[in-house]
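Accompanying notes for the structure given below.
Chain nomenclature is as follows: A, B, C and D, assigned in order of appearance, with residue numbering initiated at 1 for each chain independently.
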Amino acid sequence: MASFGGTMNRLQQTGKTVPLHRGRRLDEDLAGEFVRIRARSQELAAPLSAEDACIQSMPDASPAKWHLAHTTWFFETFLLERFERDFMAFQPEYRMLFNSYYNQVGEKYPRPQRGMLTRPPLAEIQEYRREVDARLLRLLQEVPLTAALRELLILGLNHEQQHQELMLTDVKHLLSLNPLTPCYRQREPRGQVPNPGPPAAFEWVEFDGGAAAIGHRGAGFAFDNESPRHEVLLRPFQLAERLVTNAEYRQFVEQGGYADARLWLAEGWDWLSQNALAQPIYWRSDESGWKEFTLRGLLPLAPDRPVVHLSYFEADAYARWAGARLPTEAEWERAAAGCDVAGHFADSGEFHPCAAPAGTGLRQMFGDAWEWTQSSYAPYPGFRIAEGAVGEYNGKFMVNQYVLRGGSCATPAGHIRSSYRNFFPTGARWQFSGIRLARDGGR
Amino acid sequence: MASFGGTMNRLQQTGKTVPLHRGRRLDEDLAGEFVRIRARSQELAAPLSAEDACIQSMPDASPAKWHLAHTTWFFETFLLERFERDFMAFQPEYRMLFNSYYNQVGEKYPRPQRGMLTRPPLAEIQEYRREVDARLLRLLQEVPLTAALRELLILGLNHEQQHQELMLTDVKHLLSLNPLTPCYRQREPRGQVPNPGPPAAFEWVEFDGGAAAIGHRGAGFAFDNESPRHEVLLRPFQLAERLVTNAEYRQFVEQGGYADARLWLAEGWDWLSQNALAQPIYWRSDESGWKEFTLRGLLPLAPDRPVVHLSYFEADAYARWAGARLPTEAEWERAAAGCDVAGHFADSGEFHPCAAPAGTGLRQMFGDAWEWTQSSYAPYPGFRIAEGAVGEYNGKFMVNQYVLRGGSCATPAGHIRSSYRNFFPTGARWQFSGIRLARDGGR
Amino acid sequence: MASFGGTMNRLQQTGKTVPLHRGRRLDEDLAGEFVRIRARSQELAAPLSAEDACIQSMPDASPAKWHLAHTTWFFETFLLERFERDFMAFQPEYRMLFNSYYNQVGEKYPRPQRGMLTRPPLAEIQEYRREVDARLLRLLQEVPLTAALRELLILGLNHEQQHQELMLTDVKHLLSLNPLTPCYRQREPRGQVPNPGPPAAFEWVEFDGGAAAIGHRGAGFAFDNESPRHEVLLRPFQLAERLVTNAEYRQFVEQGGYADARLWLAEGWDWLSQNALAQPIYWRSDESGWKEFTLRGLLPLAPDRPVVHLSYFEADAYARWAGARLPTEAEWERAAAGCDVAGHFADSGEFHPCAAPAGTGLRQMFGDAWEWTQSSYAPYPGFRIAEGAVGEYNGKFMVNQYVLRGGSCATPAGHIRSSYRNFFPTGARWQFSGIRLARDGGR
Amino acid sequence: MASFGGTMNRLQQTGKTVPLHRGRRLDEDLAGEFVRIRARSQELAAPLSAEDACIQSMPDASPAKWHLAHTTWFFETFLLERFERDFMAFQPEYRMLFNSYYNQVGEKYPRPQRGMLTRPPLAEIQEYRREVDARLLRLLQEVPLTAALRELLILGLNHEQQHQELMLTDVKHLLSLNPLTPCYRQREPRGQVPNPGPPAAFEWVEFDGGAAAIGHRGAGFAFDNESPRHEVLLRPFQLAERLVTNAEYRQFVEQGGYADARLWLAEGWDWLSQNALAQPIYWRSDESGWKEFTLRGLLPLAPDRPVVHLSYFEADAYARWAGARLPTEAEWERAAAGCDVAGHFADSGEFHPCAAPAGTGLRQMFGDAWEWTQSSYAPYPGFRIAEGAVGEYNGKFMVNQYVLRGGSCATPAGHIRSSYRNFFPTGARWQFSGIRLARDGGR
């Protein structure tokens, strides 16, 4: 997802219906879904000024304006251009400016300079969105909904949702650099969860070993990297019932976790030393205690909420300090198979993870925070790159990245599933990435 | 000027009147000058969108919004705070955000992150300007115009003019990175000079050797680095009557000037090799020939206009290739002493140098292009750093920079004089910097 | 192995005898093995002048002198210091200078400055080796050969063998930078294989899918990262019967393989572009054709010999170009289980891979070239870090590295086995690393 | 001198005799001087092992072996090749390996890789020196001593002396990186000066203003950058009678000089901050107090000896802290005109500056420490680059460097003169560079 530019889907074509959004049948209202998801991007961008939307705060991030344009470019390039009669580009230059693909779709503007594009202005990108939306809705009325068109449309919507999440994490990084600690959104969230006291110790949930099938199954949409479904052999294992909290991670920080090389992977220790790091990226401390920069501004660190914005190195070091380890992605998926795909997603408007709900058993598997696994991002056995793909094969990112599972508080509801594989390099900290502890079972 | 943050003035206090703007007596209408110069900054920023005004395209440059705010901070900090009764800051945070001073005036926001400040928005900076302007004009009516207040006001206005020029060169760099090659200003200039054919060969103008006095003299404003006036011994020398043109420099480019190490200073050759340079920063070539990016967009390279945006290394190499050398700053000032301070400045609205006017004798000494000298930027004999200065001493930039003279097409008319010393590091290319050739005289 | 500093062994203690060297029982002559392996390091260093042995040609490499000292430091620190009565360090400063361990054994001299150690001179390091050898042999006569002592001794000898290989690859890199293209060894090798014509097309060897056990088994020595032995599920697969040759790889080079982004992992393409690479690190071309720098100097590129010194990125891109893929480490180990641990190792004195022997079926699985797998270096299920380990846990390198299998022409015979896991980062090119193609089976 | 590769001489051809070495007439014994100076290089290299002589500790430095070879290459290329009948190169490859010239004399081996040349071995370079020496002495007997030959010979000897000094400073830097703090020379120096107590306060010596002639005059050898002799106008000024001592500089260090931005040039402050500097490069402190790494090992900091190994930035900041400034090179030369060219040079064998001798008036003007001036390195008025020069023009280094005067304890006696201009970039710390304070006179 860090590099979706190259993502390519693999649609399951066996079924007749494609549930994109939980509880709704897509073929009943594909146009409606299109309208809803496109509008959601606009909603998410609404709190941003043209200035906010223009800046690229680091090479890994993109300006919000670019996200808004690139997702539109996708529909223009892969749908309108292919299916519209008498297609004409909205602006020929946009074909290059908002292309993130390496080779197969023409020239590309260099990624680290995306923040230099003060022109076209945001208002013109909004116009671009309106025109492409109108033309696409017209297209859907005028041409038959072939499988190819439907698949590309569904892919485009999933693509748009990925960029919705990135828009949030990228703007958070940008605002965090501003000494004014501006808020992305100030009003109270709809579904805010009251902040209880520090969490009780957590329980381990035990899982049997043996063969387990992982990978996408069924009729819904999935990205190509989730296939083929295949069996793996697992040993018995245990997962923590909930995510690691700020209070727990704070102990690690305060007890010298960032100063003890024995806890860190060698490369992690080098990374930490070169960057002189001693705490999570958005934590601040002053005489009044720990604070955390959030999309609602700088707030006191909430002890019971999950710790987020950790790199793989930090997650791994914490797990070692805690006498545990990170789960493999197969363990995670095996465990998640029994869970509802429900949780605290971007739709709540909170834009920050919530404390684990009361109860027993596995919780917070979906939403709140992406969970680092110890699995490097690699092709599943038998994975094949589709020929003539929309964009480029997903496989080109399958090196030196690690898999995260479960979605976060910035993930659109309906976008995630138990086989979903997100991936980032080991030093990435600007995503809502947290920790679920694991350990060997059979104790 | 590259680093005006630390500039400190040295006002001549002998006379009663201080001509800031040619042909007008400042004490007759100091408030009027204030209004005029502050309004000019607004005019220059008018073609910029909030997005244009927010981006920092490289560490050497600053966003236009920052220039607008920093110049206002200067008046707020050094005038309002000192002279206003019941002073209250417009926004306490601005004291840090728009401070460019190292130490003596509180905390400073790191320069390379000026482009991250999407907040405060441009509109709020405009409000900041309006309020400070109003309060300053009220102050001028309410308190007596002491020498201290008058000096600070004049300094602030000169400071503002320096940033007006930087605003133009910084935004030019930003727009040059945009593949859309946007124009800063599209309408026709007021005083556009028709583009004649390629220039004739130039003549040399001879100057005698002997003692010459350089440095600021008289009652007007000057920066501290222009004093003390002192004598130097010169040998006879010659200056080219006009600036080097694009047509002449193009020969250097096309005849392998960038590939012949013998023409370059050793450090210049390393600089060129590491950056893989083969032409001036804003030159582009395609099948239709050479073009130049200007503040009016991408235009065919005009053969008779002066070449600009050269680094010291390029200016020096060209001079060597041409069998000449760069002048010293003393030679330049000695020659300029006989010239009117007139030329083609920013007020024309052209924002690009013009071809030399017809005629004989020294031309283009003021305006059009800053002229690199071979003199390193150093204190004049007897230079003293004022104690308790406004900001910091100018001397802190007196190392590894070279002096440029004469002003450019981006310099406000009335800002320049024959003793004015601009300075930049040897690799700087984003200023309107060109070449006047010199050679030893007495031939 | 790149970072053996942290390697820790896990000895199997079930059996009574520990075959270190094929065909010999270690407990019959552990002292003899010690003498033989320590002498072998001296033999390998013999062609090097004191100057050759002192230089560090890049941060990843170490000077030969450092290898000779560090391996001796290991015996001094982990054996003499623990078991010798009245232990005294040969030189107290060596404890820091030749320590590669991060934390647990005192201070460490910074790795990138190993090449600054002109003192102690090589002659003194030879003296250090002689004294530690003599004291260790005396120790073996005087104290009972406990399990702990025996294990440490065997670990030290395996450690020494790893550094023997690194000494060869590091000195090759150093000599390659010298325009004189010096030879490490000029005389004819003992067992040189005649150079046949270009190789015929290769055959694929098919393997069934199903459960396969991988990891170390039995009584012999193995490193901790080879355990625990565990089962994995494999799909049917095929392996090329031999390694990819220079002739084959040359086609890839000459047909534009390094210029086609579609063949490369995204990170690989960035790596290639930033380093402006167009061929393997030791290939040179001039009017007389392709040459290859070897430990015997610059030689014409031998078409039938395996291509070596490839990064993971190059190996992966070649495989994609060839319509195949790299094997997983489980596939490789499953296939190797049926092969004798025999091949062309460092003992031949050739120090370069040889052409595949005639025949049918899997060849070159051991020796000649390390074979990149697509498996990232990760802990086996149930892997545990030994407490109070000799040095530090191997697991600290288990991130962002990929596994190589089978040993090379620079690996000491007897050091390798089918469960042996070597690992390097994806950009490493200075090892004898090559390609064995794989593809999905069941065709 | 930092970059002598490009230095070219300008011999004065008016006189008949060329005093190279004080007190001796060169034409009486030019061959004798050749033997003496070449032998001196060997003496200076004698304490170095082959390993010491091979390493390049940083890009600015060169290995001693390279210095020994490059100076020999000079005689081979510019004398033997031109004047010897049937010239044959000692080794054709050396023409490239030991060439420091950019363009005019063929290919050049990249400077930062000089430390990779383990071959040819030091012994072979010694052989190279012996052969070239023998052939040159034979040449001097066989061909007439034309002016051209004599000039080239004298230039080569001055060149050799420059590299003698660099050999000392380069090896000092190398040894300083070794935790064993090895000594370059351990035996007692011949002329060691007893270490008196801390120095008394110094006196200022006053000089009149007016016209002063600077630049080389007379019949002796001088480099081209010392000409033409010309007049400059000076204001009255004062110089400290001696160099700044360690005791004085220690006060600056201990009173927070490295933490007060107001004392530093802006670029100096950035340099200091990025490199986290708090003291001179070879100063160390522990519980027993300040120590200094010298060519005789790590010694207690001698309070009365001159502080050395300062960058321009440090020298400038100290002067500002002390209420003074650095002299200009014209002031220095004006003052030095009245001094004997006598002092403490490399010939003493001390290889470290000594305390100022007792007495009154200007002392330590020659020897002990190079004295930073505030003058940037620039061509004298009328300076012309000789055509067809030996090597390349000196002028190519005339940018972003500052002039040092007077020679040091590492300069060969007889090599220096009052018009001699050494030059280094502002961050260079590895030379024996110190401070003589200046201030405006006429008080």
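One rule holds in what follows: a residue touches a chain if its C-beta (ideal position, glycine included) is under 8 Å from a C-beta of that chain, and two chains touch if they have at least 3 such contacts.
Keep in mind that what you see is a predicted model, and the values were worked out from it rather than measured.
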Of all other chains, the one whose Cα centre sits farthest from subunit D:
A
Under the over-half criterion for shared residue numbers, do copies subunit C and subunit D use the same patch or different patches to meet?
same
Report the inter-chain centroid distance for subunit B and subunit C in whole angstrom, where each centroid is the mean of the CA atoms.
60
Centre distance in Å when subunit A and subunit B are each reduced to the mean of their C-alpha atoms:
47
Measure off the straight-line distance from the CA centroid of subunit A to the CA centroid of subunit C, and report it in whole Å.
39
Two or more other chains are touched by the subunit C residues none
Here the pairs of chains that touch are A-B, A-C, B-D, C-D
Help me check something: in the complex, which residues belonging to subunit D touch subunit B?
3, 6, 102-104, 211, 230-235, 261-262, 264-269, 312-313, 316, 328, 374-376, 378-379, 381-382, 392, 396-400, 426, 440
Touching subunit A in the complex, subunit B uses residues 49-55, 57, 93, 96-97, 109, 113, 115-122, 174-175, 177-180, 182
